[in-house]
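See structure below.
Read from first to last, the chains carry the letters A, B, C and D; within each, the first residue is number 1.
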Amino acid sequence: MKKFINAIDDLLAESLSGFAGAHRELVSLHLEPTYITRAEKARDKVVLISGGGSGHEPLHAGYVGHGMLDAACPGHVFTSPTPDQMLAAAEAVECGRGVLFIVKNYAGDVMNFEMAAEMLPYEQATVITSDDVAVENSTYTTGRRGVAGTVIVEKCVGSLAETGADLATCKALGDKVNSRTASMGVALTSCTVPAAGRPTFDIAHHELEMGVGIHGEPGRRREPMRQANAIVADMIEAILHDLKPARGSEVLLLVNGFTGTPLMELYLIYHEAARMLEKRGLIIRRSLVGDYVTSLEMAGASVTVCLLDEEIRRHWDAQVQTAALRWGR
Amino acid sequence: MKKFINAIDDLLAESLSGFAGAHRELVSLHLEPTYITRAEKARDKVVLISGGGSGHEPLHAGYVGHGMLDAACPGHVFTSPTPDQMLAAAEAVECGRGVLFIVKNYAGDVMNFEMAAEMLPYEQATVITSDDVAVENSTYTTGRRGVAGTVIVEKCVGSLAETGADLATCKALGDKVNSRTASMGVALTSCTVPAAGRPTFDIAHHELEMGVGIHGEPGRRREPMRQANAIVADMIEAILHDLKPARGSEVLLLVNGFTGTPLMELYLIYHEAARMLEKRGLIIRRSLVGDYVTSLEMAGASVTVCLLDEEIRRHWDAQVQTAALRWGR
Amino acid sequence: MQTATILRAAAAARDAIVANEALIESLDREIGDGDHYINIRRGCQTVVAMRDDLAALPADAALQKIGTKLLSTVGGASGPLIASLFLAMARNIKENGGDTLPQIAAAFTAGVEAIRQRGRADVGEKTMLDVLVPVAQTFSRMAAEGCDRRLLLETLKREAEQGMLATRDMIASKGRAAFLGERAIGHIDPGAKSSQVIIGAICDLAAE
Amino acid sequence: MQTATILRAAAAARDAIVANEALIESLDREIGDGDHYINIRRGCQTVVAMRDDLAALPADAALQKIGTKLLSTVGGASGPLIASLFLAMARNIKENGGDTLPQIAAAFTAGVEAIRQRGRADVGEKTMLDVLVPVAQTFSRMAAEGCDRRLLLETLKREAEQGMLATRDMIASKGRAAFLGERAIGHIDPGAKSSQVIIGAICDLAAE
């Protein structure tokens, strides 16, 4: 394992303090328990709190700021945070309009946020994101994994919350965006959990993992490495099979890197994906390309398509001021 | 070699078309010869044109837009672009106030831009960036390499040019920022030039390359892998030895990833670097952390320190609207 | 049940988990995300480190304190589940006492029930419950029959092993492995393994 | 000099470069950035592909066209340098003719001089000039002496090899390798190698 770390036990705290230092004007870091809030507490709005295991940076702390999250609770690498973090974060940011948890659909995240919700002294609701179509629902009961689409949910609900919308309305938009969003990922290399010290999975030089999870969980199948257009075609296929968009639908296309794949290749993937979507009669109205939901050092990428409507598009375009997303005003 | 590509000869064109498609509102792509301009041509200002070999994305195309570059000329991977590209780009964007070339100090880039300058029918000046302190000047005559500090030069001069400053003034600021900026990089893994198909250098699991160049060129020395704080200490040492800043100086700290290193680790590097700079009595006034000048898939990072003054700080803070840097207004 | 016993059990569990690091870790790498060993070890170490704060407390208060602490230190899926087990055991002992073997069996059963509730899961879903549920059932039955202690411990240990091994051929319908469908078959569930290891260690301790 | 000869030379150069791919590429990987082989091959292929546009032209016009084309296709450090060589040769032949051996030697010397100008470099700096300069000098001298053709070609080939090998022990003061200081010692300069390969191939062709 080759990483820029000192002691494994200090990695998270040191990295978070670097994050907070580099973005002083945007965020504040709190320790014991660990959570990140906006530097300036918002007023009179539903507060959005998300969190999850670390190793997916900039998710979630990178999305704390005006127009998006009010607080984020980072857990250990790939390990969901604990209820005390969520409770402390809620107490720090709640301002009378209630708390909305945004949670990626993993047993650990769901159960920890659930226990926090049970103990929470505020009005509360939870949006669970589950955009990963690599997982075919039928075979089991817990639903799909939440992956890169989570950023779109957090961005849109974040914008709505700034308008003063109430908790139920915010939750409804979150569920709507999630239901209109589908993602598919592929890995070319594995990631290595620092505390484990070795790659989560072995993958041969001529292989790729189609449908990999953002924790390096196995996907749909191990396949021979192929040309980009063939790989992207399978991802788009899986996504459209799930979304079944009508011709002429307007979409947001997100090409997300897991870390190890160069931006040059992400843009090539975007080029292929856009071509294929347009061939299906879809209109790409909004785009985002870069590392937004990563998996430690893994080389690979995911493609996410979100079916826009006027409301989602408006909230996507709305001003956002966070470490990782910044536009508008 | 494991990359998201179709045919090696199409990589650049496909990637650029993806870039242009994903950022329609910001840039336009021109082919034969290849260059990228702002979607909206600027008026009555000195135009900034940069370029260089591809494989360093988002450099330079990602910095085309209001407040930064007017055009970028991408070459093949790690191969400087050719004079015809620069001439065509200049013709497309020049608007009566002259052309400023911003060129990283490599023989190929310098000579190609030089030949373009000789043929250029407009008033013209060139800023050559050379911030890499891994290279100790004494030993040879061509000066240092231009690396991540180039982004700071392009950002500040870009801001100045928007104010209507003349060519000489823009060139002067570029030279000033370059002279006040120092960078040092380290690689944990190699990069692979697609057309070459194999790693540019071999590096053992327990080794790092201290002072590596952004093309995977060897640096100061091959060393045993160490803890982050020891690695960063050497980088800061080299940078401060070059800049010799007075205690109390205000600095911009840029921690730049080469691609393969997770954001989590970049923030840890930032944490260490900031600690060390502050211990030397320096004041970190501005920060930037992320992948801004990359080296294909290489794992590693560089630290850049720029000595701020009121002018540089003002131009750093000024509004910028590009694919890779976006703030203000 | 004495608090001292709980602390000895925690130390034994910690040692057993550490002794099985490689296996537990690789299981979660195969069908999970590779952190189960780290999470469980963190939990065990936390409890062991609480020794001094707990020593003076009655068993129910100690279990309560442990559960709360685990909830804020383990994280992941196993954190809230294991915490629920301790909190439910604490509640049960507080109400019904925890001195006799049947009382302890009842408390453990209540703890396992709490995991089922929290995880919305049951036997056969390829989780730690495939170890915990049969062990709890057998424990209660044999404790009621007032059987021989040695036989009880051996039986529980065997139950735990069988439950753990049984997860190998299951498709998971809960937890991270549930996302793998068919591909989870042939891999033992890491939580089932760690639970079996801990139960085995505690049985050995009790047999001394 | 006939344009047909230039085209045959280009084809021979292309074949020789391709035959030396592994070596040339690894040299630029060792002390450069790994693209020299690709750049030079791109240059050779470009010229070969121009065959039909060039066939009808006189040598000076052909060299002019080639130089301009190389300038916009090769890139890197070698692009402007090689382009400068062709453009200067074209100019020289246009002015002084390129029929006799001394005229051709003079044109080549002018081309090498143009590389020196453009690269602000000279012999001993670990570049292609360590091959080109001695070859140009010997070429001019022997052409003036009106020596035996076979001997001339053998001598030029040897000069090229010696110049290439000499770069191994040099510290580079120009080009990418200049950034390596001491670490460049022990590695042959890729541009010197490709130049030697091409000169060797042209000498062999001319010897037929």
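Assume a residue touches a chain if its C-beta (ideal position, glycine included) is under 8 Å from a C-beta of that chain, and two chains touch if they have at least 3 such contacts.
It should be emphasised that the depicted structure is a prediction, and the values quoted were computed from it without experimental measurement.
Considering every other chain in turn, none proves to be in contact with both chain B and chain D. Compared with chain D, the chain whose C-alpha mean position is the greatest distance off is C. Each chain gets one centre point, the mean of its Cα atoms, and the points for chain A and chain C are 32 Å apart.
Chain C has its Cα centroid 54 Å from the Cα centroid of chain B. In whole angstrom, the spacing between the mean C-alpha positions of chain C and chain D is 75. The residues of chain A never reach two or more other chains; the list is empty.
Among the residues of chain D, none is found touching two or more other chains. Under the stated contact rule, the graph of chain-to-chain touches is a line, running from one end chain to the other without closing. The set of touching chain pairs reads A-B, A-C, B-D, using the touch definition from the header. Residues 2-7, 11, 14-19, 21-24, 54-55, 57-58, 62, 188-189, 205, 208, 225, 227-229, 231-232, 253, 255, 259-272, 274, 284, 287-289, 291, 294, 296-297, 299, 301, 326-327, 329 of chain A are the ones that touch chain B when the two sit in their complex. Only residues 25, 29, 31-35, 37-39, 71-81, 118-119, 171-176, 178-183 of chain C touch chain A when the two sit together in their complex.
Chain contact summary for the complex, chain A toward chain C: residues 33, 53, 75-85, 106-108, 111-112, 114-115, 134-136, 139-142, 144-145, 193, 195-196, 198, 200-201, 213, 215-218.
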